[in-house]
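To start, I am sharing the structure in question, which I have written as structure tokens.
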């Protein structure tokens, strides 16, 4: 029972981390109907830029790498770079692809993925780096002692951050003017233009917000597994979360994350041994598929409107 | 003035229903085919045959398969790699386990196995649409690769899941030189491309496209959705399966399940988007583009540009240039190279008088 | 040619349909006779389109019976309905955007084509013959509707009015016995409406096709329909020959306003 | 209806379209040099058969063409004396020009009310003002009020049309480009819409450019009209004159010398006569 | 004269850290030879790179492209990727290009009588697995102490990850320990479930057969679930700085195999610093990585390549470029003893090598090093694999392959 709980809670917490990445996808999809394949690359780019800056800034400006302000300066600069990226993406890609079929935009974001990956590694090198956020990655002591439960402190903190982010964004989408405009854009680019929604500014905003989410995800995942190319793979973990929760739902990302995280771990532990293990490569997808059969637009996704 | 259709009248619907109703197109196509069969084998180097032309053909076939499903029938799929894997491994096992089975029969059986698997994974498409369906096909992608890795029976108990293709022999003739493998591939791919074109221009293809464009309306005019979608999955997977077989037998020789991973599926998806969705020609153009572009950039980077910048940077520049070119082409023409080609022709038709 | 109005071929009895809280149709009954042009009119959101959707099975009513050619059913699949000879056009054009006009119309003949995909892959013998025979029929429709010059144009590029005409062509290609038209003349000018009326009348007179027509242009409705049903807020408020309906105060109040004359 | 007043203000350029040429997809030439003018406070009708290029003209003005891979290759558009052809559509809306697109284009996943609210995107309104603006639209279209909480995708065709028009009104524009406003609307509502046009025009001096197939009504409310054929303006004039023109009468109004013909009686559909081509 | 070599490198993508390190080291060594010695007996070394992205199909294209450059033919193909090795190993005999797969590829290709053109040098996956068990035996104070021990094997679920299994199974039988294999799905960036299972299992040791990101993830997750790092022993694809640095403190005490240790103390590395980097011609984007595990592995590749060239020139004509067949002969007859290694300045950088017709591995020795939080510290001498078990397996498997493909093995006794 204690083992089961451990797996379950560990899974739920990991699920929150998946949700963090999924969130980036949701934002952009909801706001422009673009399935942003580059989200994984953005996570990688953000994390790499951040660590790259913490390495170089002291060298460039000759202050101690121990200085506490370094973290914040690097974070700020990274955020600025993500805004710049968003601006560039809008200026040179999205703007020219207004009103194109979803699949074309999807493909363009794949091109973008290559671009970002090349730029990231070209700028900062292929070296794998560690990242220490100063949150210890150890079991929470009293849980271990009292209940013999191993729950990582780091995961708890990260999950809390993800939760807050989601709450804020969900509110933003549902209740603000810009949020409404974003949803309008996702429905019909041309009509959005016609009522005077400044598509271009809106896109910069969402991509920038998605960039911030990527920074958070990048820092969390980077300090878990190291800052390296494999961060782009976190996107693979986010996909089933995304479809299970619904492509357009911010809270869906969280619920999807929790379900996928927990059931993936439980399946690996209780089912894996019978079939040779390693099933977490496909289990989340199959699970999501089963959910989709019942609800074709995910748990909280917007229903596809199909009227004649 | 070269590209004019004026003066070409069609006396019957039969003529109008030809694959290439315009004479110039027919001539170009015929020249291409003849050249591919009778000129290329004599002039192309081994490198071109083995490392460029054969894979382009194989990938074009896979892209054609995906194009049937995604381009024509509108069902977005990311499981192409897995269906190719089914084709490759099934062909291998049929040839291995049924003694004396002719190669082509083995290949066809491989394709049929892929078709069967395709139908199973196509079932969800009756309910699930768009990107959601794409994600669902990812389940197929990961599951199939996992099965092939996990159960050693499929790779005849080789220690790591790799299989190495048997020698190809058809009617006593061994296909073991690059030229013969190229010709074999070319023959199979041409036939299947012709069949695809035929499907596309007849009732079958129209039903697919109708379902793609608006499935409610399609149903209302009497197109059975289930049958049409599943047929698309089956035919598409068949093509991918055959492509997988050729990938293993005429191109690589040895393959492992991981080689059929998500990367491959994506690559093939790029091909049809860049080449042009819902177009047979597009599959070929896309395959050539996606395979040759990185090679071209690579050569460039490691020769001329490579002399100027550090090698690691050159490799990264390669990625950057590739990404930029993809975006560039999409902006120039979101409907792919085929459309670009058509617009070119239309301009040519008007030339030299713009309107 | 003298038109013959025959027996009831479609009988709708006590149809009720609602979506969540919205009652789109409430207890509606009417019938359609063989060979007639039956119009449905009513204010926006009255439930006219929903009525057509019920008839050909896109919507399944919660209550009521549909009797078509003597067969009774609660619900139908759109596909079954098509197989029984019901074809239709849509209010929001539902053409296949990626296909040419010709291909769009050819899809209408899907139910009449027999060759399977293996034959088609060969495009040889029976498949080729079939394809060409059907092409011939479709060309007749194209001639009839005067859309020869846009045959090979992708429908997405056509102006609205022509798209409506192509949609009619596609429905006609199925050689239906019952044709449902949802605002076929929206977005046309008078001249084009005249053409469209002519087409509809010809189909009706020469092929004997029964037509159910939704239209907001009272001129058209009054001139060409045999009987008119009036819906309002999902209820039937009138039913009868055009002149009768036109002078019905309830109808004038709910729908026609000043435009009755 | 004071057509004369509309004409009188011509001295001051308001919306001027000058010799505009439009090409779609790099090859399809659709507008072959269209020029027209809308005076301040004018109601101008744009008439023409299917495919004549009415919608294209409107989209060329509102800069929505680019989203359809169309391009203005020649000519200019200016509004209040300033060139506006390079402006983004939202900038144009800010300056007071808004288009109601053909085919409704509601945001289907948004509710009717949310759709209307997006129309006010460019305006900085307080909560109360916003509510007031909404109320005005609901006053014009009571049907919308009933359906305010429904997702637009699930409303009927006519309701969507009202929503699209209402949405544009929310922007409080100075100039509205209306593309087939009457399409799919019940006769009563059509009358109402044109009454709204008239009212806005008279009370708030809003100008209109109407592409409308319902020529009868359009010419009744407009003060000036252009007739477009095959991408060219083939005729222009005071609405009154156009109404009296024999050709217009026959082809656009369906009136012959004997008055209105029954649709049943028009037999010859092969008698298209054109001014040009 | 020039000696051309085709280099199928991977400098982008998930394994770029490894690719830039290995190929950087290799290229730097060749630059060193050119700069310091003026080439090999006056023959300048030239090379052409081709980016494989660690992708099989692209690797095969590179193979074909690199085969020839102008009139020069490639003499050695070393993709440093198991997948690409699989992709080309049936092509090399026809093209007469030796395939070098140091520490990767198919283990049974060590049987040179069946695979004359393939050289899985220094140590195959099988030798390595055996060495790991040997190391554990040493730690326990004797192989017989392994009896009754429980060992968890955490492997990345891809082809190489499973390659060591047959050897582990046989050794388990031989020494009486038990293994429990636990798969991690690619790419292995989430391993909570696996480590909770391990915690539940309470094994004595964990053998880590993971690669890339799954290494730091494993170590981190181990720490998080309270499994001590010093009882985790990794293979050499878990033994680079890149594998432990991201794990931070969690990696302290972790032991991993190596056929080439890290460090800048070796004279050859210092020569590279002096002759190449001092002149600003180094290949590494980040010169700090010179002397890292991957880098030294690349230098090792370079040494083997250059030494084989020397040997070939000695036999077939000094001062001339060699061809693939000559290269093959040289590789097969390569001997690198302590003395020679010392002369090169690479003593301790790699084990002694002695290849033969039958043995294309030439060594099989592996040593173990421990991460102290800053650097790798050697904790064992070179450990010999269990020849009895490994060699038997190699011959069995090679024979099966020969039978399937209808190959008649060379008779090595005649070639001596």
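All chains are identified by letter, namely A, B, C, D and E, in their written order; residue positions are counted from 1 within each chain.
Keep in mind that, in the parts below, a contact is a pair of C-beta atoms (placed from the backbone, for glycine too) under 8 Å apart; a residue touches a chain by one contact, two chains touch by 3 or more.
Note that the structure is a prediction, hence the values are computed from the model and not measured.
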item: Touch-network distance, chain A to chain B, counted in steps; value: 1
item: Graph separation of chain A and chain E (steps between touching chains); value: 1
item: Taking each chain's C-alpha mean as its centre, the one farthest from chain A; value: C
item: For chain B paired with chain C, centre-to-centre distance based on mean C-alpha positions, whole Å; value: 41
item: Centroid spacing, where centroids are CA-atom means, of chain B and chain D in whole angstrom; value: 47
item: Cα-centroid distance, chain D relative to chain E, in whole angstrom; value: 73
item: Touching two or more other chains - residue numbers and ranges from chain A; value: 117-118, 121, 125-126, 236, 276, 278-279, 281-282, 307-308
item: Contacts with 2+ other chains: residues of chain B; value: 146, 149, 216-217, 220, 312-313, 316, 318-319
item: Where chain D touches two or more other chains, by residue; value: 25, 154
item: Pairs of chains found to touch, sorted by chain label; value: A-B, A-C, A-D, A-E, B-C, B-D, B-E, C-D
item: Chain E-touching residues of chain B, taken from the complex the two chains share; value: 46-47, 50-52, 55, 146, 149, 159-162, 164, 251-259, 263-264, 294-295, 298-299, 301-302, 306, 310-313, 315-316, 318-319
item: Chain D partner contacts - residues on chain A that touch it in the complex; value: 98-99, 177, 180-181, 183-184, 186-200, 302, 305, 307
item: Touching residues on chain B, where the partner in the complex is chain C; value: 12-14, 16-17, 195-196, 198-199, 201-207, 209-210, 212-214, 216-225, 231, 235, 278
item: Contacting residues of chain E [partner chain A, same complex]; value: 11-17, 19-20, 157, 181-187, 189-190, 192-194, 196-197, 199-200, 212-213, 216-217, 220, 223-226, 242-243, 245-248, 250, 285-286, 289
item: Contacting residues of chain C [partner chain B, same complex]; value: 56, 58, 77-79, 81-83, 87-88, 90, 94-99, 103, 106-111, 113, 115-117, 120-123, 127-128, 131-132, 135-136, 139, 170-171, 174
